[in-house]
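Per-chain numbering from 1; labels A, B, C, D and E assigned in written order.
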Amino acid sequence: MEIVTKLGFVLLGLVIILNWGLIMAGIIRKIIARASMRRGISITQPYINLFKNYSIRSQITHGVMFYLGPVFRLSGGVGIFLFMPLIFGSENWSNFSFAGDLVLIVYFMFFGMLGMALGAGEGGHPYSAIGISRGLAQFTAIELPLTLAIISIAIQYKTLSITEIVAAQQGGIQNWTLVTNPLATLAAMISFLGAMGHAPFNVVMAPQENPIGPPTEYHGTFLGVLQTNRAILHVIEAVLWMNLFFGGATNWIELILKSFFIYFWSVFVGMVFPRFRVDQSISWLLKLPTLIGILAIVIFLL
Amino acid sequence: MNNTHDHNPEKTHQKFLAPENMPRTVIGPDGEEIHIDPLNDYFCSERPKVHEPANNKIIEKFMNWARAESLWVLGFGTGCGSIEIPPLLSPRFDAFRYGVAMRPTPRQSSVLIISGYLAVKTLKRAIRSYEQMQNPKFVIALGSCTINGGMYWDSYNTINRLDHYLPVDIYIAGCMPRPEAILAGFDQLKKRIKEGRAEGANEYARNFDWYKSNQKKIIKDWNMPDYNW
Amino acid sequence: MVNPIYIVVALLGSAFLSGLSKQHSSAAASWLAYGALLFSVVVSATWLGAFIFNGIPAAEIFTAGVNPPFSINLRMGLEEAFLTLAINLAGMAGLSYLSRDFSIWGQKATTIFLVLIMSVNVVVMTRDLFNLFVFSEVGSIAMVGLIFTRRDTDGYSAGFKYLIAVSVISALLLLGIGFVYYNTGSLNVDTILSQSSLVNGSLAVALFLVLISLVLELKVFPVNGWALDVYQTVNPGIGSVISGVVGTGSLYVLYKMLPLGGALWYEIVLIVGLVTFVGSNFVAISQKNVNRLLGYSSVAQAGLLMVALGAAPLVGQHFLLIAGGVFLSQFLAKSGLFWLAGMINSADTAGWAVLRQKPVLLVLFGFFVLALAGFPPFPSFFGKWQLVIDLAHNGQFAVIAALLIGSLFEAVYLFRWLGEAIKLPVAEGLTLQTPLSRLWPVLLFGILLPVGGYLFSRLTPGFDGFLMVSVAFALALMLLDYLPAWIKNSLTIAGLLLYASLVYPLIEGDLIRVVFAVIFVGGGLLTLIAGYSVKGKRMGFFPFAILMYAGLIGLIEAQNLLQFLFAWELMTLGSYILIIRGKKSMLHALNYMLFSLGGAYMIMMGISLSVFGTQGLDLALMGTSYWPVWSVALLALGFLTKTAALGLHIWLPGAHAEAESDVSPMVSGILLKAGAFGLVLLFLAIGGEANSQQPLLYALGWLGALTALGGNLMAAFQEDAKKLLAYSSVANLGYILFAFAFMTHIGWIAGFTYSINHFLFKTLLFLAIGGVVLRTGTHNMYEMGGLIKRVPWSFITVLIGIITLAGIPPLSGFSGKWLFYHAVIAKGWYFQGTMVFFAGTIAFLYCFKLIYSIFLGQEKDHLRKVKEVPVWYIVPQVLLVLAIMVFSYRPDLILVPLGHTLAAANYFPTDPITWNGLTASTTAGYWNASQIMMVIGVMFVILLGWLLFMSRKAQKVKQFNIVFAAERPFRPETTHYSYNMFRHYHRAVGFLVAPVATRFWNGVDAVMHDVAHSAKKIYSGNGQTYIVHLLAYVVIIYLLMF
Amino acid sequence: MNQLFKRLEDSFGLTAESPRKPDQYFCTVDANKLVACITHLRDNEGFTILTLLTAVDWIEDGKFQLTYLLNNPATKTDLGVRIFIERDNTSMQSIHHLWGHAATFQRELKEMFGIDFPGSPRVDEPFLLEGWDDIPPMRREFDTKKYAEETYFPRPGRETNDPAQYMKQKLYPDE
Amino acid sequence: MNYPSLGQIAMAAGMMLFMLGLWGIITRKNILRIIISFTLLDAGINIVLVSIGFLRNRTAPIVDQALPATQTLEKAVDPVPQALVLTAIVIGLGITALMLAYALQLYRKTGSLDINKFNSLKW
């Protein structure tokens, strides 16, 4: 019985996160449009796009991995969700976070990337492979500040359990990592920009250079699966950052607000900055953000 | 120079077969001979299939609504009309609010805008792109050139009527039509889709032989299987 | 007992008779010569048998019926019997070998030859100084007479130089003898010895003259140009006599006389020997002429024996073992090599490739080279080992270091030579001349080598004969080499299992050893199964495979350091041969061998400096608290050459990549763990958690992190699939080093997890990729592509392999990563840890490149008919996948008991991991592999089912049906994006992979060769210069002494 | 310029025309002297740029007129060198060795007029037209209207008007 | 005044011959001269050896009527060095002969006796 309740809450949480991800994408794009003085899409447009993609009638496939790729990708997104505690203090909304700690989530991010890489590779399109190779190369550099930040907060809180990290930040904004460890937060937020794939780190999907990169060959249901994952992943990664640096959430409203603002940070930066070439972004990430991350650790060692 | 038209398309296509599409023999790692016929080995040569609408009326209506409200346009410009598309996305006209978006790959697009005259050479690419789009797919043709050849009506290298080569859903007249007209065209297309009348893809599949013979009549170096999957 | 004087009588008599006989009775004369030599052999053999088995005391033989000092007396003791047996045997073999030449040169040559043998016999046995002089002069004259048979200017000039030099030396000797007599009134060695307490100034000078001329007779470096010229020009059959017979005599004389000089002279001989050994080997590095190379090598070996001689007071009772072992090896091997050179008739070492026409000879050549280089199971290994240990007990570390460096120089040219013989193309027009009269001496000496090795292994203290079983097994397999491969493969597997089952009871309680044993034996089984796919005979593979595995198991079973090193060298030897079997492996194998030997010598040096050097060899002594930091550093470096740490890694990629498809997993997935095992032993030895080597470990930790980063980066920029995997191995061993360097409980658990994982996935990947390479015939990934349709099984296994490699949950690679994170946090090595994690993300780059370039993307024309890899490759892969799955699902099965073992008091008492059911938790976090796997599995299946349902009607299309900007792709080759895939990454971080290490080692190589080449210039070829050298040498030694 | 023409007249027998613009001159030479002429112009007279190579079809005379338009960047002068060649099975010496880009012009002329330039790189490959198997379309005996009507399904009912007349009629029908 | 004894003079002369020979061996370029130098050296050593066994006022150690075996200890010089010298002379002769044979062959082959020319074997 317990397991059924657990599964019920997990599914419910997944539905909420998915819907919030879609709505959030709509809101953000609406904001972008208004910022450039357009009316822009309706907030429901992501839903419609998703429905449309699932209602495409004909499809083609390049082989087995063409199926497995999106499945890996979505598993990656859903998996991170499954191992992520959502609401602090709530047994029901902590999903399967008892199975592993922060390390699990950090490494599980690769699962989806691998799937995308394999699926796109099976498509046989050179642009897919180019996109993947750029994405992977950039990701190595994006991970570096994040790793430093994680180590820094692990030193700070002496734990890698997300629940305990959130617990340590309770009791007001002065206890958030944002305040107690600003350098680590800064490093991780830069890394968040890369993880979200917005400018200046969006060379992977760069439509003008290599038509949309990895998912060039994907369409219809396959693309629908990828979009579903995107909606989940954006929210759940924002939730991860929220848990680590912004005090977590004690209820859904807080989660929704915080994840929105964290995600909006990446969009905001993306609106303002132009795009890096991939080697530029790597060089840049290996310099300033890495330095910030190292400082974040050094401060705790002193 | 022979002045006679060769009306046997098979022979013509053989004549214009590209060198890289010629059958060839390569030697495998263990010394075995491998015969390669690129057209058969590299390309899927299935004919297009007719995909009937869903039986359930309500579901079909819902799907058509979703398709109509999410028109993903392939970024493919022909002729002078391609200069009319970018203003469409600018704040002044803002086609996004109608669910219109540009996609860089035909696999993900559902609308092909033929934005002006089509030389034979361009037509070939337009057909390939169209065929690579997935089943509910719609064609909007801009300008008189696509309707009757426009000012190029007697050119030796420009087609006169697009609907002999691709199933056109909406013609937007003008030389060129302004963005407002194109927006109106999108509106009409939406109506057509919602009414379930925009079955161009199925029409293309049903009348595949006719379309193909028209296409092959002028595109002599097709160098592909009949349908470009 | 026959009086040994009859040896002299028989030889001299037959010499006279054959000299007197007419030309037409030459057959009878040569039979007479054989008879005399056989008689001598029998006599000396009976004496030797009597000494060994009956233990009788040494016999003194008095001539002329008067007691010494008034007459000449001979002695027949154990040493004399052994040496005369060797000399007479060599004489007999040499006579047979030279019989064809003698028939051309005429009867006189036989006569001279017999006189030569006789004179050396006397020189060995005599106890009279003047008699010694006379017979050594007789020997020299005979020698020069034999040199005279080479009838051209080179021969004459070399002979003349030799003659002048020998005359000057013997003049010095005679002068010395005269003064000795003047001072002591006796010429009898024993009498003089009894007065040696009376040594005064003038006697000391006299003795100096005697001894220095004896030393000079040994052709010490660098005053030996006259001898080298002779080596270069004479018939190799005579060269073997000079090196083997005459050299033996001279050495023994020095041994006899050395007590006269007292302690100081022992030191002088030690130093002279060292200089000779190192210098001669060093100049030989850049030598290509075979005969001269053999000359250098002979001189070097004589130098080694002089070292042993000089160290006699230090080594005490082990002297006979040491000198005997070294002597026997070099005597047999050098004679054999000279004889082989005579059969090949190529001035250049490259010509020795012709040996491949007769595999037996190639094997024997291998024996000789290995015996010279001091490899087990040959006697010199035991000799050298005992020498090093005894020197270490006496604190002679500089001597050890010099010895080891000299040995390394020696290995450079020996193994270059061996490699050339194995790999180079056979030169045009060269043929082997192998009449039976030349063949049997080589065969006999070749067979005597391992036999001698066995004997000496029994004599060496602390050696367990059990290890020799595997060697015998390998030799037996070598004899069975004409059988088809599958039979030998089955035999090898059976042997491996048998050996493992015999060893298992010895290590049963020790989980650390059991883990490594499982890796070694399990990996061996799996890779040998893959070997079934090879058709034909596969000559020369299985004996060495079994040697390698025996070595690996021997490492685990070793009770003391001798056995450990024995096993280590066996493993190196076996793997060297396995590696050199690859198509383009010659240089890589040489690199491998040199780095391995360098590592082994560092280990030896480290052992000497450590507790073992002072207290004993038993591994149980390891816990002793005294560990000098240099010793630990050297030992660690030695093991790190095997694990290819950054800077020492340059041998690995080539060696692993060019090896055969089923050898690569052996050497990469399994063999590298030997280094890891060594590190484990070392780190446990220095005291586990409570060690006192923190600064060194800190450095090693950084080294590990840098290795991980560098290896992964280099792997990402490879185009060769196997090189990519090889660099990945470098990096993974870097992780393992990093983990073990933590010296904490959790770090060690991580290290073991990594070791197991690396074994599993790297063996898997190398097998899979090796199979594909086998089918496609290329290593270059950009030449493959789209093979998923052709080799689906390999694709699946590679997929699982790279998921494990990259450490992605839920497979077992993640367990290593999790433990790593916690170990880093607990230890506080944050920056190294970050570097390692950064390296981990780079692993994705090459994982993707590997699987994409080979299996995905565009299929190439010429690979459209590639078949699935042989089932024998699939079977072990499937087994490995199963193992990965089990280890992923239940890591606790291994990690929990391992944790208990490591928590032992003298290891790592603080165990931070608590296991609650299947959940491992530390104070910092928790992890439940089974739950993760279950959750992900269920989710994956649901999502896959959903997508399959939604896309069930999808049209399958072919490879060119891609969106190509409304065009069509031109050719698969131009559409497959693979070559230089990460060029953008290279732009950003390429400066990190500048080939610094390669440049450094190339520089070392170039400098060594240049210096060696310049050093050789002292051999100007001018006889007078040589004399000047001689005299200057005498003066320098004199000045040094007084 | 006249001096130049005088010099060239002596060497190559060219006939000059009166200039159309102050800096634009035309002249005519024999086809077989052309290469020598423009080589001289390029190397000695400073006409280093080949601006254009084009053809005119004088079907009535049975001739093709080729114009090599050269430019002298120092004096900012254009010089068009004309030749006339036979119309049937015609071929002309290639000048791709003087200017690399001449090959492209020649490729186009080959495709559009059927003028062959033996030795010119890739001269037989299609340039603008893909799969054209009729007579070269710019030759005046090619009836492009008839070809278009036969090939491109003209839409029935289409009227073609002179725009000026049509608009006048439509806007001011009374006049 | 302490005059050197005959034995000492002989020894000094022998040593000088020895040194002279050695000097010749390492300085002369002609092979024949080298051989002659060697014979000088050899002779020098022999003289030294004889002088070692020399005892003043004694006779040669030949047992005959003049020197009965019973008086050898008192009247004869040390016989051993003499025996040595005899043997050494024989050996020196053999070696000299061999050297000359080599010199002859070298001269036949090359027409030269310059030792500096025979350095084709080196390094």
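Everything that follows uses one rule, which is that contacts are C-beta pairs under 8 Å (C-beta built on N, C-alpha and C of every residue); 3 or more make two chains touch, one makes a residue touch a chain.
What you see is a predicted model; the values in this text were computed from it and never measured.
> Once the contact rule is applied, which chains count as partners of both chain D and chain E?
none
> Which chains touch each other through the most C-beta pairs?
Answer by contact count: the chains A-C.
> Counting only C-alpha atoms to place each centre, which chain is farthest from chain B?
When every chain centre is compared against chain B, the largest gap points to E.
> Compute the centre of every chain as the mean of its C-alpha atoms, then state which one is farthest from the centre of chain C.
With centres defined by C-alpha atoms, farthest from chain C sits D.
> Relative to the centroid of every protein C-alpha atom displayed, which chain's own C-alpha centroid is closest?
Looking at where each chain's C-alpha mean falls, the closest to the middle is C.
> What is the distance, in whole Å, between the centres of chain B and chain D, each centre taken as the mean of its C-alpha atoms?
Taking the average C-alpha coordinate of chain B and of chain D, the gap between them is 36 Å.
> What's the distance between the Cα centroids of chain C and chain E, rounded to whole Å?
Chain centroid spacing, chain C to chain E, equals 51 Å.
> Residues touching two or more other chains, restricted to chain A: which are they?
58-60, 211, 216-217, 220
> Touching two or more other chains, which residues of chain B qualify?
49, 105, 107, 229
> I need the residues of chain E touching at least two other chains; which ones are they?
Counting only residues that touch two or more other chains, chain E contributes none.
> So which chains actually touch one another? I want all the pairs, not just one.
A-B, A-C, B-C, B-D, C-E
> Applying the document's contact rule, which stretches of chain C touch chain E when the two form their complex?
Contacts found on chain C: 130, 134, 137-138, 140-141, 144-145, 148, 151-154, 156-161, 163-164, 167-168, 171, 174-175, 177-179, 181-182, 187, 225, 229, 232-233, 287, 292, 1016-1017, 1019-1024, 1027-1028, 1031.
> Could you list, by residue number, the parts of chain A that touch chain C in their complex?
Listed in rising order, the residues of chain A that touch chain C are 54, 58-65, 67-68, 70-72, 74-75, 78-79, 82-83, 96, 98-104, 107-108, 110-111, 113-114, 117-118, 121-126, 129-130, 132-134, 136-137, 139-141, 143-144, 147-148, 151, 154-155, 158-161, 211, 216-217, 220-222, 224-225, 277-280, 282-283, 286, 293-294, 297, 301.
> Across the complex, what residues on chain C touch chain A?
786, 788-789, 799, 802-803, 806-809, 814, 817-818, 821-822, 824-825, 828, 830-831, 833-834, 837-838, 841-842, 844-845, 847-849, 851-852, 856-858, 919, 923-928, 931-932, 935-936, 939-940, 943-944, 947-948, 950-951, 953-957, 959-965, 975-978, 981-982, 984-985, 987-989
> Considering only the defined contacts, which chain D positions touch chain B in the complex?
Spelled out, the residues of chain D in touch with chain B are 114, 128-137, 142, 144-145, 147-155, 158, 160.
> Of all residues in chain A, which touch chain B in the complex?
Within the complex, chain A touches chain B at residues 33, 36-42, 45, 48-49, 51-52, 55-60, 207-208, 211-212, 215-220, 223.
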